[in-house]
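Input: structures, listed below.
Both of the next two complexes hold chain A, though its partner changes from chain B to chain C.
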Partner chain A sequence: MMKRQLPLLLLVFCLFSRGALIASTDEAEKRLKTAVNQVTEIAAHAPDRNALAAGVKPTLQNILSFETMTRRAVGPGWRQFTPEQQKEAVGLFTTLIIRTYTAKFTPGELPSVTFKAASSPAPGRVEIPTTSSYKGSHYDVVYRLDESDDWRITDVVIEGVSMIANYRTQFDAEFKQGGAEAVIKALNRSLATSK
Partner chain B sequence: MKNTKLELSVGVFVLLGLAALAYLTIKLGTGSMVSGNSYLIESRFANAGGIHPGCSVLLSGVSVGRVESVRMDPSDYSAIATLRLTSILHLPTDSMASVKTSGLIGDKYIALSPGADSTFIQPGARITMTESAVDLESLIGKMAFGSIDKDKETKEKKSLPSP
Partner chain C sequence: MKINPIIVLCLFMMAAQSAIHASVAEKTAAVTVVKKAKSPKIKSHDGKSVRLSDDDLNDEYGRAASVPDPIQPLNRGTFWVNHQIYRYIFRPVSRAYDTVVPSVVRKGVFNVFDNLEFPKRFVNDLLQGRLKSAGQESEKFVVNTVAGVGGVMKVSDRIPALTDLPRPDTGQTFAKWGIGHGAYVVLPIFGPRSARDTVGLAGDIALSPVFWVSIWFPAVVWMPAVTTPDSVRTLHDRLGAYDAVTENTLDRYLAARSSYIQNRSKAASK
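Moving on, here comes the complex of A and B:
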């Protein structure tokens, strides 16, 4: 009896798993699209870059997991940060990312984003490839979202270069030279030069 | 009789030498000589151009393994590289694998960068946080020739009647 039901149970399980996978990619895609629309809307009406940075901050904090991004950007050294240092590093990294990426935008000039088919390379993780057109140039951008972070972005890969890998190389070198203090100093230095 | 014995031993010695050379060439070529115990993990890339069995796997510039095989995943057309790593290496789950090039036109290799998680990648598991091979030709092409839309915009601007 049980043997006869086994293929049916397997089929139901497979359908359920596939359904759950589609539901998770759909949810991640929906969240990303909403955030992109919100940022585009704010960018369309922002009078200058400072207003743009202030305007997009709540949306970015809602869609980007800055805590996970900072932890992953620092790499193995993160475990040796004190809770206070971790909090400070997250705050500085958040400001740095928002300032760096809003500096690339010219208020009034709107990007167009084309979404491609999302994929789930591992359970709880979704990758959404897009093509962004801005000021006549095309950029391939892949957004990586994690379910453990409520489907928030944990990495952005622009033209094949991962933002986390890029920062990890720099922060790891700083950490090996002077520990957590050196990483925080480097973040402060970057913020001072990006003003 | 003495000469025949000497010739025979020289022949056997040469044959043994050739066999050893062939063994080393095959083993080093496929990269299956990672010293000591090892384990396999997979790494998923959107583009694994230039990576082939035997390529080095480096961490902090130190060789920690070899690429065992490269195949395509038909479900999403991504490239799956199987890596044989030395068993003394424990990678956190948020570690990254990147396809890198030695110099501008050198050999491709896979660089691992460990993450901050307190859990570790188990043998047989897959790294999904990866950086694919950067297509230098297309980047140079974009810089040298610009994008199609830019040309289109320039032409549109030129065709506009002057006020």
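Moving on, here comes the complex of A and C:
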């Protein structure tokens, strides 16, 4: 009896796993598209850069996984952060990322985003490549989303430059000099001096 | 021996599923994965094979931007000087150019010098074995030179097959031939380069018609009317890219180095 049902069970499993893969990329794409549309809409009507930053903040907080981004940007040194230091680092890095993101927009000038076929380079991870046209230039932008973060963005790769890899280089140097304290100090310094 | 059609269907679906999974990832992702029993192996931006850590703290991000930097103190000094030059000389020049010269003229100047970069793109297409691209590049040059009045108008933008062509350079060709970045250097004025791309830059200059003119008629080098537009036309974009990379960072130098190496690795993988 069991022997007879085995092929049928296999078929159900195949259908289910294939369906799950498509469903996961669909869900990630859907979340990303909604967020991109919201940001574009806000950027279109924001009177100035400050209003733009304030307007997009809730959307970014909903679609970006700041905790994962901070953890990965710091790397293995994250284990040596106390829970208080981790919380502080996430808060500071969140502000820095929002500032970095909004600095790329000019209020009233809208980017046009074309979505390409998504891929899943590892279980629970989806990469969505896009082409953004902004102010007459075209940029390849890849969004990386993680299932463990409810399909939120964990990295943005612009023209091959990963935001997280870029910050990792900088955090590593600070961490080697003075551990978690040095990283937090550098984040504070950056927020105080950068635009 | 009887073959159960459902089992065959299952095996086919499993094979098809993994093939689709692999091909989509290969086409679109900057990172590709080879599945392993525990933590998967991936290829990072620079083509090195690395393993994803179980706790995601030690994965590709730490390796994506690594490059030897043996003369970092000297590089940092040059980077600082360049930063001051960009800030106090190039930025005002770029602003003045954008303010004084009408947009339509700026675009025309940009197009002429961009069209003159044809030899660099064509030769490197050939050296990389991209014959189709080399043909399209030639077609684009002829169309823009003839129909675009010496390249002033970029008529090729109206031909879908000639838009968004790759823009190969000599450093990229070296990368395609398997030559690594080598040591990182910061050149005065030019900015970040790898040892490979510094040699590549010499190749690019050798393929520039503006350079040929300066060799044949050395006095022309001192004629700003010939040499300045080619330098100023790209200032706005270059300064914009520099700002995007170095603002909101913990360390401008490291941010620029990391961005440069990642960006060049991506260009080499195209």
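Annotations
Note that in this section the second predicted complex is superposed on the first by the 186 of 195 C-alpha atoms of A that agree within 3 Å, B and C clash if a C-alpha of one lies under 4 Å from a C-alpha of the other, contacts with A are read in each partner's own complex, and residues count from 1 in each chain.
As a working rule, a residue touches a chain if its C-beta (ideal position, glycine included) is under 8 Å from a C-beta of that chain, and two chains touch if they have at least 3 such contacts.
Source: prediction; values computed, not measured.
Aligning the two structures on chain A places chain B and chain C in clashing positions. With both structures placed on the common chain, the touch criterion links A:106 to neither chain B nor chain C. In the superposed model, A:133 makes contact with chain B only, not with chain C. Put simply, more of the residues of chain A are touched by C, taking chain B and chain C as the two choices. In the superposed model, A:159 makes contact with both chain B and chain C. Legend: residue contacts after superposition of the two complexes on their common chain; A:61 is shown touching neither chain B nor chain C. In the superposed model, A:119 makes contact with both chain B and chain C.
When the two complexes are overlaid on their common chain A, residue A:171 makes contact with chain C while staying clear of chain B. Look at A:187: by the touch rule set out above, it reaches chain C but stays clear of chain B.
With the shared chain A as the reference for superposition, chain C clashes with chain B in the stretch 43-51, and the other listed options (7-15, 43-51 or 61-69) are free of clashes.
In the superposition on chain A, chain A positions 71-72, 74-76, 78-79, 119, 121-122, 137-138, 142, 155, 157, 159-162, 164-165, 168-169, 172 are in contact with chain B in one complex as well as with chain C in the other.
Listing the residues of chain C that touch chain A in their complex gives 4, 6-7, 9-10, 13-14, 17, 21, 24-25, 27-33, 40, 42, 45, 52, 56-62, 64-65, 164, 237, 244-245, 247-251, 254-255, 257-259, 262-263, 265-267, 269.
Residues of chain A that touch chain C in their complex: 7-8, 10-11, 13-15, 17-18, 21, 68, 71-76, 78-79, 96, 99-100, 103-104, 116-123, 127, 129, 137-138, 142, 155, 157, 159-162, 164-174, 186-187, 189-190, 194-195. Those residues of chain A that touch chain B in the complex are listed here as 71-72, 74-79, 119, 121-122, 125, 133, 136-138, 142, 144, 155, 157, 159-162, 164-165, 168-169, 172. Per the touch definition, chain B reaches chain A in the complex via residues 44, 46-47, 76, 78, 92, 94, 96, 98, 113-116, 118, 126, 128-129, 131-135, 139, 142, 146-147, 149-150, 153.
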